[in-house]
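This is the structure, below, for whatever I ask next.
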Amino acid sequence: MERMRSLAARLRRPAPSWLRYFRWNTDHKVIGVQYIVTTFFFFLVGGSLAMLVRSELLQPGVDLLNGTEYNRVMTNHGSVMLFLWIIPVLAGFGNYIVPLMIGARDMAFPRLNALGYWLIPPAGLLMLASFFVGAAEAGWTAYVPLSIRAPDGQTLWAVSVILLGTSSIMSAVNFLTTIVTMRAEGLTIWRLPLFVWGIVATSVLSLTATPVLTAGLILVALDRVAGTQFFLVAGGGDPVLWQNLFWFYSHPAVYIMVLPAMGIISEVFPVFSRKPIFGYRMIALSSMAIAVLGLTVWAHHMFTSGMDPRLRVPYMVSSMVIAVPTGVKIFSWLATIWNGKLRFNTPMLFAMGFISQFLIGGLTGIFLAAIPIDLHVHDTYFVVAHLHFVLFGGSVSAVYAGLYYWYPKITGRMYDERLGHTHFWMNFVGTNLAYLPMFLVGLLGMPRRVADYDPSFTTLNQLASIGGFLLGASVLPFLWNAIISWLRGPVADANPWRALTLEWQTSSPPPENNFERLPVVTHGPYDYGEAAPRSPEPVPSPAAGE
Amino acid sequence: MKERSLLLVIFAALVLTVGGYLAATQLHLMPVQGSTRAVEVDRLFQLLLGITAFIFLLVEGALLYAALRFRRKPGDEADAAPVHGNNALEILWTIIPAAVVVFVGVYSVQVLQDIERPQDNTMVVEVVGRQFSWEFRYPADDVTTGELHLPVGRPVLFQISSEDVIHSFWVPAFRAKRDATPGQVSELRITPSEVGRFPVRCAELCGPGHAGMITEVVVEEPDVFAAWLAETKAGPTDPAAIFTQFGCAACHTLAAAGSNGLVGPALDGIGTRAAEREPGVSAQDYIVQSITDPGAYVVPGFADGLMPRDFKSRLSDDQLRILVEFLLAQ
Amino acid sequence: MQTPPRTMSRRTLGYGAVFLLLAVITGIELALNSLNLADAVVDPLFLVLSLGKATLVAAFFMHLRQDNRFYTVIFVLPVLLLVVFALLTIVI
Amino acid sequence: MTYPATHHEDHFRAGHALGLDHLKVGMWLFLGSEVMFFGGLLAAFLHYKVNNPTPEAGLLDVGLVGVNTFVLLTSSFTVVSGLAGIQRGDPAAMNLYLLATIGLGVAFLGGQVYEFVSLFRHGITLSSSVFGSSFFTLTGFHGLHVLVGILWAASTFLRGMRGSYTRENHIGVELFGLYWHFVDIVWIVLFTIIYLI
């Protein structure tokens, strides 16, 4: 009795504030941090797997990993990086930032939001646990019938990806509902910050494309465990059907991973150039254009699979057309920094790195869309290089830019600039050193997903491996910076960057309900240098509005 | 000041154009051109390389220039002059890329039609992929072999299929690739234009031995090809050739056949080891059993189910006998 | 809710009429099916009839006709996308 | 840009000004994604129906399923009548209609089980052919949705009995209705594509 009472007393006592990050919590800011930290852990896991891959490829011959082990490591590297790192970390930013940016108290469905997060740790553990029962080994694309023949871990993999997809659909419903119904007074759609536009475009894609992947994965899982014949040729099944279902999601998934990243870049450039974003509407509309076009290009991954040859050309055209809205974004960003007053804080460096690297990924995408060239480079290291320039050089750079940019907002502390610069330069050199040689080695004839290669490719592979190890090492200054600064960094102002978007108009970190009083918006988000709406001075926290 | 910036623009344009031109004509990034198709694909590739190199230099140059030129002066806390956009500029950088894309698209379609146009006097070669080897059939001459030989200058139509999972038939020197998908036959046309030996690789992940699913295409003069075909029709009698042609080499290391596959157990010294594997089974019977019924005994440390089960029907009795004798002697 | 209350008798009658219509269309479909006509003739008819049924349910039972247009957009866009996807999946 | 603190209603929602309710927006978005989920399964079914037709499709009993279709259409009518009931402030009518909906839903599932069993007797199973695989997967997932709908109807009914819904506040009933009608629409499409065409 006595013990019960003391237990009850202990339960009533408020828990230390950091404990909420380990518990069910419906505050979008807590959930955002949960997302970012959890997914960063998976980034480290995926990165370690990449180090194994690059070690194996340091020299020709099968030395460190045999064929099966290599396939498992490579498959899980891809799956972890895409499904457990890039997609959910961007959802994490969305969770933390979107309600603040639109002047809301929280997301529209806080409990759904928490549920969406809590699907991720079990899904991640499921994917990694598959190593104990024979991990997935059919690549992240899980092409049938190879994935039907793979060991039991492939089933766990499928279940894990279904869970992650469900989580992603949940956050898409939540984002769209929040953005449609909970904007602050005066925040019309043409005053929405571009990051919010990016999240809108991404959510539309998640909502329409992810369920198709879920359906496809269910078919694969049923083929594996229930004896269905969907993809088994002997029973009349057609392996190409899986490629349709898979790529109908997985090509848009690239835009799911890139559009919010582009949104982050669009936030960073105006702030650190002290200039309005150039061509706001065109950037916003190009996000939507990319989303819509992105749903129509999936079969360009299937030019070499025996699809109807007449249908290839429309897919080539739609794939190439995506270059146009993408170009609009890049030119607009350049025009934004043109004649600006640039400050090279770490977020700005990563944003410029984003442009320079994403550009390479984008331009090589045109080669891949051109069918005659694709018939040579498809499924080679050229593709590996292309997708890493888009997703690592692009999305991950933007994620780093966002992490540094919003670090003071989220933690209430300032990170260390010098470590940030070190991190950037290691990352920049590492990215180019790791992935540029892959273009060459792919053109020369090295297929992707091989544990062994022709000795003539050795030098290029060694360069790539050295770049890869540099990338691995580049995480260390970041981690040190993030941890130490959170504990001991200088206290940050509410608005250390003198930014104009709403998330900076409240204290760092924001109070539980985000704003003392909900703001009323009277101007666009990037009106730097305008006479009337002066940039707010750095204000001591906590503060809401002026 | 104005003149200087004008000069700068002219200079930059020159650098970009020259850079694009060099990229388009001088950089040689592709392997040997082994087919007429390769010539056309490379021409398209060089054109794209030129265009993209121009855009690349333009954007990276602007980025670098901005980083150097527009750096904030120390102590300058003011905002920059607000420019929200410029309709003419925005329309321009939408339309120009769109025009370039249309041009590239049209040109690509032309190349595509050229390289896939059916030719007279085409020779059909059936390609069958299986874990982890290729098999080639010349239906007109009723020849099945593990080696791909082609006469130079004669158009070839590959009819590609698979017996297990998806593979992808790729000859980098031909700039040609097509998936071998079970349950369907895909077509690929090329005309070899260079005599020589070029690697054939599997480009689609097909299992643990994917990296080793490599063979060669031998392009030779028509009379040499005809002789080879006649000889092959008689059937291979050289044991090392049987070992290679039936795909054993893809998975098993054997010095005498020059192979170094790692998917299955190494076969060096198998002649002495074979008798000890299963009590009561002679070395010869063990080897026969391992070839015709691989699941009967699986060497510890290796997975069952990877080795094809159909050697009994694919190998003639003579070939099986030659192969077993060959292995016994190792 | 958001929708202003209307005269109740009219509304239930409306639902009843819609239901009657749905039942009649289903009856027609079953009758057509039992006639064993050529596929080329009846198949397009079936598609039109079922599209009509689905539209009736969405417009009246799900109130898309009187609710904000935004809900219709949310629902119809995926349906269009699905049609495109399914058709392309058949031919590819 | 300035953000003056104002005295407007604190939980002002721009969407509310547009006449949008966030629960309904969320529900419709969810239904939109459900369209695409069934789209994936349907695409697989159609792919095999067109490219790989099998004679087993002839064993389907259109008459039985026609009755089942009518049952489900009727259930949509009872749902909407229930909603009309609470909208005019008559919870008893609503509860009655919800009960009828549950009954009709169970009847539909019963019909489906009967159909499945008779197909099993003809040797058509999940693993007998691509027709069996795609037929049972597609109709099975629809049946699963009906089952979820029945559970949702039951929980709505229980809340209705406890008097949780009123003339002014019945968004829960409306959301359940949207889901149920959606499942009905899916069936209308499946009935045409699987059985009629």
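Note that the chains are named A, B, C and D in the order they appear, and that numbering of residues resets to 1 at the start of each chain.
Definition applied: a residue touches a chain if its C-beta (ideal position, glycine included) is under 8 Å from a C-beta of that chain, and two chains touch if they have at least 3 such contacts.
All of these numbers come straight from a predicted model, not from anything done at the bench.
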{"item": "Intersection of contact partners for subunit B and subunit C", "value": "A"}
{"item": "Pair of chains joined by more contacts [C-beta pairs], A-C or C-D", "value": "C-D"}
{"item": "Most distant chain from subunit D by Cα centroid", "value": "B"}
{"item": "Cα-centroid distance, subunit C relative to subunit D, in whole angstrom", "value": "14"}
{"item": "Between subunit C and subunit A, distance of the C-alpha-averaged centres to the nearest whole Å", "value": "39"}
{"item": "Whole-Å gap separating subunit B and subunit D, where each centre is the average of the chain's CA atoms", "value": "49"}
{"item": "Rounded Å distance between subunit A and subunit D, as computed from the means of their C-alpha atoms", "value": "34"}
{"item": "Multi-chain contact residues (two or more partners), subunit A", "value": "180, 207-208, 212, 237-238, 240-241, 244-245, 248, 527"}
{"item": "In subunit C, residues with contacts to at least two other chains", "value": "70, 77-78, 81, 85, 89"}
{"item": "Overlap residues in subunit B, where contacts from two or more other chains coincide", "value": "none"}
{"item": "Pairs of chains, among all present, that meet the touch criterion", "value": "A-B, A-C, A-D, C-D"}
{"item": "Complex contact set, residues of subunit D against subunit A", "value": "1-6, 8, 10-16, 18, 20-22, 25-26, 29-30, 32-41, 43-44, 47-48, 51-52, 54, 126-130, 132-134, 137, 141"}
{"item": "Interfacial residue positions of subunit C with respect to subunit D in the complex", "value": "1-2, 5, 8, 11-12, 15-16, 18-19, 22-23, 26, 29-30, 33, 39, 42-43, 46-47, 49-50, 53-54, 57-58, 60-62, 67-68, 70-71, 74-75, 77-79, 81-82, 85-86, 89-90"}
{"item": "Complex contact set, residues of subunit C against subunit A", "value": "70, 77-78, 81, 84-85, 88-89, 91-92"}
{"item": "Residues of subunit D that touch subunit C when the two form their complex", "value": "18-21, 24-25, 28-29, 31-33, 35-36, 38-39, 42-44, 46-47, 50-51, 62-63, 66, 69-70, 73-74, 76-77, 79-81, 84, 87-88, 170-171, 174, 177-178, 181-182, 184-185, 188-189, 191-192, 195-197"}
{"item": "Subunit A to subunit C touching residues, read off their complex", "value": "180, 207-208, 212, 240-241, 244-245, 248, 295-296, 299, 302, 307-308, 311"}
